[in-house]
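Shared between the two complexes below is subunit A, which has subunit B as its partner in the first and subunit C in the second.
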Partner chain A sequence: MDAPFVALQDLRKSFGTTDVLHGINLEIPQHAFVVLVGPSGCGKSTLLRMIAGLEKIKHGRIVIDGEIVNRVHAKNRGIAMVFQNYALYPHMSVRENLAFSLEMLKTETSEVERRIKTAADILQLEQLLDRLPAQLSGGQRQRVAMGRALVREPKLFLFDEPLSNLDAKLRVEMRAEIRALHQRLESTTIYVTHDQVEAMTMSDIVVVMNAGRIEQSGPPLELYDRPATEFVAAFMGSPAMNLLRGRVVRADGAPAVDVGEGLFLPFDDRAGVREGMEVVYGLRPEHLAISPDPASGLIGEVALVEPAGWETHLHADIHGRRFRAISTERLDVTPGSRIALAPDPTRVHLFDGSSGARL
Partner chain B sequence: MTGPSSKKSGAGRSRTGPVRDWSGRFGRAALIGIPLAVLVVWTLTPIVWAVLASLKEPLEIYESNALLPANPTLAAYRKVLAMDGFGRWLFNSALVTVVATFVPLTISVLAAYGFARYAFRFRHVLLLLYLVPRIIPRVSLIVPLNSLMSDLGLINTYWVLFITYSASAIPLATWILVGFFASVPKEIEEAATIDGANMWNRLRRVMIPIAWPGVVTAGVLCVREAWNEFAFVLALVNESTMRTLPYQLYVLKDAMGVQDYAVYNAFTVLTILPLLLVYLLLERRVVDSIVSGSVK
Partner chain C sequence: MTSVDDSPELPPLPRDRMADFKEGVVPYLFVVPGLLLVFGILGYAVVGGAILSLNETDMFLNKTFVGLKNYRDVFSDPRFINALWRTLLFVVVSIALGIGMSMIFALTLYRVTRGKRFFRGLSLVPYFVSGVATAVMFRFIFTTSGGFANSVLSALGLPTPSWLGDPALAFMVAVLANCWFMVPFATLILLGGLQTIDREIYDSASIDGASDFAVFRRITLPLIKPMMGVSLIWVTYISFSTFDIILALTAGGPQRATELLSIYMFETAFLELNFGAGSVLMMVLLAFNTALSVLYLKVFVMGDHRRKLEK
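The block that comes next holds the complex of A and B.
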């Protein structure tokens, strides 16, 4: 396999006495679209800023395109960054915003013109070149910010929550636009978000971070299907996975998890799981089959119905425990209805009760 | 204050009744208008009075209580302009004002940028210490300054005015600019850093243009301070060729045997006039910056 295009090796970061990153290791192949995702404060921005050259690296190494860049100035790392609040130069027209970096690099005028024209074409900015940022809509500002990154023709694009200031509809549009741009330019991209839907839909590789550590990285569906930790299981997917603590038992020879209140949840036998172990039982809502026939599973009482159009989200209580389930059928149920819920034992995730690691 | 009044004058309510609308609008206008009118009268009365007095004949002010001059005349202005040193005093004032505006502005821009952007030890203490020269009453500085400047042989030179005027303006300008620089989002500078701008370029191409209203505001205040400065020039200069306009105005009272109030007021008006011109020229920008500074 080729050497990775970007390699992060044992990166650590502290601000004063608070440790923010505790040893980050990650390899990113060329052309990949990598999404860093995790809850607020987990260190995503800090990591991205270290890659950009905006934060000093005191421990660990960053390699970009075969070169250790720890001591390389931000402007010479071949990167371009798009900030959450766009950070456009408010006193400069769109054209001047795009030209600024090239001017700093003393690029020839004809080349500047060419690059501005290319970026303006790709991002449909031609009509806006003479406007000031204050005269643009949120989506247009977003595109100018991307244009400013584009004209640098960087080896590596960095995005820090670029869509979080946009309304829901525009966000979906821009998401597609950024992906399309990536498919066209094939430039390696690291994209930070705290939105797991963005992470799932946009990435080639998702990196889930938690409290300054990488929990898991890999293709999005791999993380979805085989979350390595309880944290990843809980974080990825919407509606979220059902997670219940309990103890492994054998009821009539079939393995199950006793989650209390007389509720036993079945799973398929697997290596490394012994009777008596403390575990977390995980089941995605779509693997909890809903049937109107009360004889065919666990009996639940519907607590909440959320019709989402092509699917229906259900919240139901089984033995006093709240479960989430999804059905693509149009269900004729209301809060208070009794329904049968059948977990699919082959789709159960088990995690170690203390470490949270996948079993 | 604006809460209840703006509710009353809200467009949606104006249709509910003409009486209420009228009282609402009137109330709102009164709320803003009356204090404003008082302020304008308060500020303008002395100036208007001085202008009117300067147009009177020399002894008219003793003979009549009328506010308006009986026979308006520019004679007093001619007398002032014909004074031996007037050109020199005007030049002195202008020179020290220009120097004591550009030097403090330059130093303050650099200092304020450092204070706003770099987290160094004792930053807050230093920023507070910066204010000390303005907290100490000016008169208490005069005796030590005078003996210091005599020792340095600077009494009666432009240097002594440049130094003291600038020193007193720097803290003011710095404090204003720190606020403006600090309110520029850090990401904008970081974007410029990635774009390849070094510190000098970030300051010149990004920070100063964005904080430009603040620079103008600080500049206008420097101009005002220098133009009006009186204590320093009084204490550190005694030759008549080194006087500034405010100093000469003060001297004028004693210099004229008979008190020629018209001349005195004409001198006053001519002293104020350049400052008014600067204000009028920059008024829009200063007002803009004061408003935007307070909203942010």
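The block that comes next holds the complex of A and C.
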């Protein structure tokens, strides 16, 4: 395997007495689009700022393109960063914003012009070059921020929650635009977000972080299909996975998890799972089949119906336990309707009851 | 269901006159007393001063109209010319030193993280010390024999000048005392400006490779331009009008080295009881202050990028 383009080795960080990162190890191949995702306060932005050179590194190492950059100033790391609030210079026109970093690097005027033109072409900024940031819409500012990163022709692009200030429609558009830009430039990118949908849709590699640690990293569908921990299972996917605590038993000879209230949830036998174990039973909403035939599953009572257009999300109570299910059929149910829900035993995820690790 | 176009037009809601009154009139009613007070006192003083400057008065304030005679008398008086140049020099040096110090303090306080509130509070203390007390303090420091400054200098084996006896040195001490009083508030204004700048902008500039000096010149300064204008107005106004500190510190001496227009005005009007000439001096100070304030507002506040957008 090639040497990784970016390597993070045992990175730790504390602010005062608060430990924010507890030993991060990660290898990022060249040209990859990597998304760091996790709930707020998990340390993802701090990690990005350390890679950018905006936070001091006291423990561990960061290697970019074969060079240890711990003591290299941000401007010399060959990176460009797009910030959450865009961080455009408000008193400078779009053109001056784009030119600023090149001026600081004493780039020749003709080269500055060429790079501004290229970036403006790619991001459709030609008409905006003489405007001030305050005269631009959120989406346009976002594009200028990306343009400013682009003109530096960096080895590594860093994005810090760049879409969180945009409305939902624009966010989806910009998501595709950033992704398209990456496909065109093939520049190695590290992208921080708290939005797991962004993580799933944009990344080549997702890194799920929680409380200063990496829970799991890998291709998005791998994380979705085989979450390594209960946290990843809960975090990735919307609507979220059904997770219920219980004990492994044999019900009518078949393995099941007794989640209390007389409710036994079936799963396929697997190595390492023994009777009596405390586990967390996980099942994605789409693996809980909804059927009007009461004989075909567990009887539940509909609590909430969320029609989302091409699919319908259901919240239903079975023996007092709340479950989420998805159907791509148009269901004729209302709160209070009785339906049958059938878990697919082959798609069940089991996690250790105390460590949360996948079984 | 019908579409919006088909729906019958609804009758307009009856006007709520009380609500209109509350929203449209009441706020102004609250502003009026303050406005009357400000314009009453200020207007009375300015108009009264302008009238006085065109009259000669006796000690019973009986007026005789003399036209521009007071202006001719004052403008041809060498003492006025001296006071005018002293004042302009005093203002220019005070602005340069005062704004420079305020900027340094503001940048320092902006970066202080531990004990932030304590230091910010402490930095305001000089502003709360009265002018006379400030002057007394500076006298303690700069008295020739036994003063703090000379004690230190003599302990270091350096010559001990007569701070308040030498015209040039006394002028500098007066400037320092003036700065001591006005810098804290100017610092506060500039600090307020610095705090409005998004930290991400500095992060971005750091990645963009801007040196500390480039960040200050290209980013910080332009972004605090309006606050810079406001603190310039403050510093200019205080320097033109400073009176109590100078009176208690040097009383205009030595050899009229610190006789500023304000001191000259006080002496002319209240010691020589020449209210006409005193009013002329007041009009001169007013003209300088107004002209410079308008200039600052035009350059710094109206010329700000936020204002440019409104064009």
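One rule holds for everything that comes next: the second predicted complex is superposed on the first by the 359 of 359 C-alpha atoms of A that agree within 3 Å, B and C clash if a C-alpha of one lies under 4 Å from a C-alpha of the other, contacts with A are read in each partner's own complex, and residues count from 1 in each chain.
The rule is short, and it goes like this: a contact is a pair of C-beta atoms (placed from the backbone, for glycine too) under 8 Å apart; a residue touches a chain by one contact, two chains touch by 3 or more.
Just so you know, these numbers come straight off a predicted model, no measurement behind them.
Asker: Of the two partner chains, subunit B (first) and subunit C (second), which one does A:75 touch, if any: first, second, both, or neither?
Answerer: In the superposition, A:75 contacts both subunit B and subunit C.
Asker: Is A:53 in contact with subunit B, with subunit C, with both, or with neither (first, second, both, neither)?
Answerer: both
Asker: If we overlay the two complexes on their shared chain A, which of subunit B and subunit C does A:91 touch? Say first, second, both or neither.
Answerer: In the superposed model, A:91 contacts both subunit B and subunit C.
Asker: Pick one for A:250: touches subunit B only (first), subunit C only (second), both, or neither.
Answerer: neither
Asker: What is the contact status of A:132 with respect to subunit B (first) and subunit C (second): first, second, both, or neither?
Answerer: second
Asker: In the superposed arrangement, does subunit B or subunit C reach more residues of subunit A?
Answerer: C
Asker: Do any residues of subunit A touch both subunit B and subunit C, and if so, which are they?
Answerer: Of subunit A, residues 52-54, 74-75, 79-81, 83-85, 87-91, 100-101, 104-105, 148, 152 contact subunit B in one complex and subunit C in the other.
Asker: Flag every residue of subunit C that touches subunit A in the complex, lowest number first.
Answerer: Residue positions touching the partner: 198, 200-201, 203-211, 214, 218-219, 222-223, 225, 304-306, 308-309.
Asker: Please name which positions on subunit B make contact with subunit A in the complex.
Answerer: Listed in rising order, the residues of subunit B that touch subunit A are 185, 187-188, 190-197, 201, 205-206, 209-210, 212.
Asker: Once bound in the complex, which stretches of subunit A touch subunit C?
Answerer: Interface residues on subunit A, with respect to subunit C: 49, 52-54, 74-76, 79-81, 83-91, 100-101, 104-105, 132, 134-135, 148, 152.
Asker: Of all residues in subunit A, which touch subunit B in the complex?
Answerer: 52-54, 74-75, 79-81, 83-85, 87-91, 100-101, 104-105, 148, 152
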